[in-house]
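Take a look at the structure set out below.
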Amino acid sequence: MQNVQQPKKRKLSDEIIAEDEDYQRDPEHPRNLIPEICRLLYSQEAMTGSGGAISMRRNDKIYVAPSGVQKERLQPEDMFVINDDGDTLKLPLNGKICRMSQCTPLFLTIYRLRGSECVIHSHSKRAVLATIISSGNEFRISDLQMIKGIYKRTENRNYRFGEEVVIPIIENTPTDPELQENLVKAMENYPDTCCVLIRRHGLYIWGTTWQQAKLMYECYEYLFDIAIQLKQLGMN
Amino acid sequence: MQNVQQPKKRKLSDEIIAEDEDYQRDPEHPRNLIPEICRLLYSQEAMTGSGGAISMRRNDKIYVAPSGVQKERLQPEDMFVINDDGDTLKLPLNGKICRMSQCTPLFLTIYRLRGSECVIHSHSKRAVLATIISSGNEFRISDLQMIKGIYKRTENRNYRFGEEVVIPIIENTPTDPELQENLVKAMENYPDTCCVLIRRHGLYIWGTTWQQAKLMYECYEYLFDIAIQLKQLGMN
Amino acid sequence: MQNVQQPKKRKLSDEIIAEDEDYQRDPEHPRNLIPEICRLLYSQEAMTGSGGAISMRRNDKIYVAPSGVQKERLQPEDMFVINDDGDTLKLPLNGKICRMSQCTPLFLTIYRLRGSECVIHSHSKRAVLATIISSGNEFRISDLQMIKGIYKRTENRNYRFGEEVVIPIIENTPTDPELQENLVKAMENYPDTCCVLIRRHGLYIWGTTWQQAKLMYECYEYLFDIAIQLKQLGMN
Amino acid sequence: MQNVQQPKKRKLSDEIIAEDEDYQRDPEHPRNLIPEICRLLYSQEAMTGSGGAISMRRNDKIYVAPSGVQKERLQPEDMFVINDDGDTLKLPLNGKICRMSQCTPLFLTIYRLRGSECVIHSHSKRAVLATIISSGNEFRISDLQMIKGIYKRTENRNYRFGEEVVIPIIENTPTDPELQENLVKAMENYPDTCCVLIRRHGLYIWGTTWQQAKLMYECYEYLFDIAIQLKQLGMN
């Protein structure tokens, strides 16, 4: 979590400044939503110890949380703003010295491959346990009402009760950027999925809107939790 | 969760508008209570991922939460108001485009069969696990003080410590409206029950007042939790 | 939870009224502390479903929470005030029709036998599970730092790390007042204890001050939780 | 928890008074941070029953929470201020009669040996269970992303994914000051560690800054929790 993601260059136009001032009037601006959802995930112990990050897109700007900080204390002014190429458009407004989330290359990849507007990366303990109780490279679950909350991309609809949700698990790497290659492969091999699990590390979940990403995050967490509890009960 | 429940017709009288304005002065108005209890259940992870819904009756108006939305963000203005026939009396006051909860036909059935004033539908993980650890079509529990919080309808009193609470479990169906037939049968076959479990899906709980429905919801959840923990401990 | 505890008589003097008005200026007045601690225990799911109650003494007045209500919604004005004989000194100030906690005779017994100033009765799931995993009529635990938070009455000091805490378990009865005889016996046979467990029901905990009662409640809960988790892990 | 830590002497200079008044303007002053983090740990049931304490250093002043009190109710004015020798510089500002945390000698030892600015002592149930499931005198864990949040002191960097975190476990003693000798030995024998576990008691965690101490506390807790859950699942 200590690597430095250097901003490549810096562009500050009047347009950017004006657009950005919106966030004080708009509670659903990424600058407000990212800290709010981080606090929520922190309270679930899925974003403690500075682990995890959230990114949201708004038009051609991508907002990314800083790295290595207490996620429950994030402020709207702490966000980095970048473009699709990863160029820094705005540094944190408060002049704090910090680094962009190390996950940024993965966020950009997901935006590019799926046209999402929100990506959540967390070190959720349920996700980690789900990768350990799954012997192979997939977490599979079915026959639970809550899978109806998961979007099945290739059919442009949500899963049905009788269907099986299959989530690819990729192996962890020494640093987050090295995950990229296997993340791309997993997304190509599992065109339906909105989630990739990383063994003994956590997950990436994305959605067309921030609402969809957050709701699916909750559904996936629910499914992992049921799977873990059934395993504890010796059932499935 | 994506089905559309179309309003059949729309009646807006002065009387309705006037009555409805009460909610800003009355914290126990259904428009205020439904969001409040949804937030509570969300915090218990029993209403995450947009799953579940609550309905309350007040005189001849029935209030129903919208479908597919983040239940912890519901506002008083987001409710649908319908009558006993399911006719829409009022759409959400804020002009938001959303759908009435898909559970609405089941809410109406419960109101009709039991004369309740509040129905809670949740995807509580404890309820789901209770349906999986119960081999047959019933969840049975006894010898716990908290069963004294459950109403025994045919005797118009609460259960006694020595008695057994029996909750019917019906099988899940592809969509919520299809649950109707089996829900009705379960309510007929178990005239005492104030709860029906749906296998791998969740539960419906109702009460004569919203207070009774909420208190019984808490008692049932308590009983499921104890049953699950005893199973994990290899005891009963 | 539905029995009626009728007030025997009613005394309202100027002195009582004056003293009682204090509570609006004193956050540690029983009228404020009882609702506050009830909300805390509710949030731990130890006071849901209207189960449990708290009583505090202040000089010659005993404050008791009402019965059968949502404990997290208690207001300072909802308390009954009684004397050591159980005579009602004041009904709830708000004119609400409700009943005094059914546990009141047990509260009075504990006040009489131990000279306490606060008694907590909860249906804590950990307490219930502790009574089920304990085969006999005692819950025993030792070798945990947190037992140093428990008061050992006959020696007028707290337990030491190497000592064993022994908590008597009495069998549950159809109604709370019937518990009285066995509660008294347990308190006589276990003069050190500040807690009595009731099989498949919950516990009573008391302290010389409200702070001591609350702190010991937390210590006992901690000990039960560790015992249950060790049992789940197959250890002790 | 009842031992008395007597202040040796008392120095009150204008300088101290002035510096101390800062805390009302600075939310990150130790007088504000210690109560805030205590409330957080209390809400996780890691600081209930008056157990545990936090200390922070600011320049040449060391702030220590009082002993035997409800940690979630601490106020900024409740802190003791001492120097490196343990001399009391300031008593609680509110004139309350209370005692400095019994852990104070251990806090001072850690400050001296490691040059830390914050030490957290908690009776975390996860820490206690981690000491019970570990047969020897070490808790070992590896292959989890969250170990990257732990500082490896001798190499002045954080742990890498492939490395193993080893935490020494010392045996508990009748009183906290008696832990000192074994704490020092453990810190000498494990120069990398920022955490010492105490069997059936809890842990001490320290950091160069309060942020580092808090973030590492969260990482260690995460690792203990995963280890315990894997043990419950019969895996590792």
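We just call them A, B, C and D in the order they show up, numbering each chain from 1.
Following the convention adopted for this analysis, contacts are C-beta pairs under 8 Å (C-beta built on N, C-alpha and C of every residue); 3 or more make two chains touch, one makes a residue touch a chain.
All figures in this text were calculated on a predicted structure; none of them were measured in a lab.
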{"item": "Homomeric contact subunit B-subunit C: same or different residue positions, threshold half", "value": "different"}
{"item": "Subunit A onto subunit B, rotation angle from CA fit, given as a multiple of 5 degrees", "value": "90"}
{"item": "Remotest chain, subunit D as reference, centres from CA atoms", "value": "B"}
{"item": "Intercentroid distance (Cα basis), subunit D paired with subunit A, Å", "value": "32"}
{"item": "Residues of subunit A engaged with two or more neighbouring chains", "value": "232"}
{"item": "Chain contact topology (line, ring, star, complete or other)", "value": "ring"}
{"item": "In contact (per the touch rule at the top): chain pairs", "value": "A-B, A-D, B-C, C-D"}
{"item": "Subunit D residues within the subunit C interface of the complex", "value": "1-2, 45, 48-51, 69-70, 123, 125, 128-129, 132-133, 172-174, 198, 200-202, 228, 231-232"}
{"item": "Subunit C-facing residues of subunit B, complex", "value": "143-146, 148-149, 157-158, 160-162, 211, 214-216, 218-219, 221-222, 225-226, 229-230, 232-233, 235"}
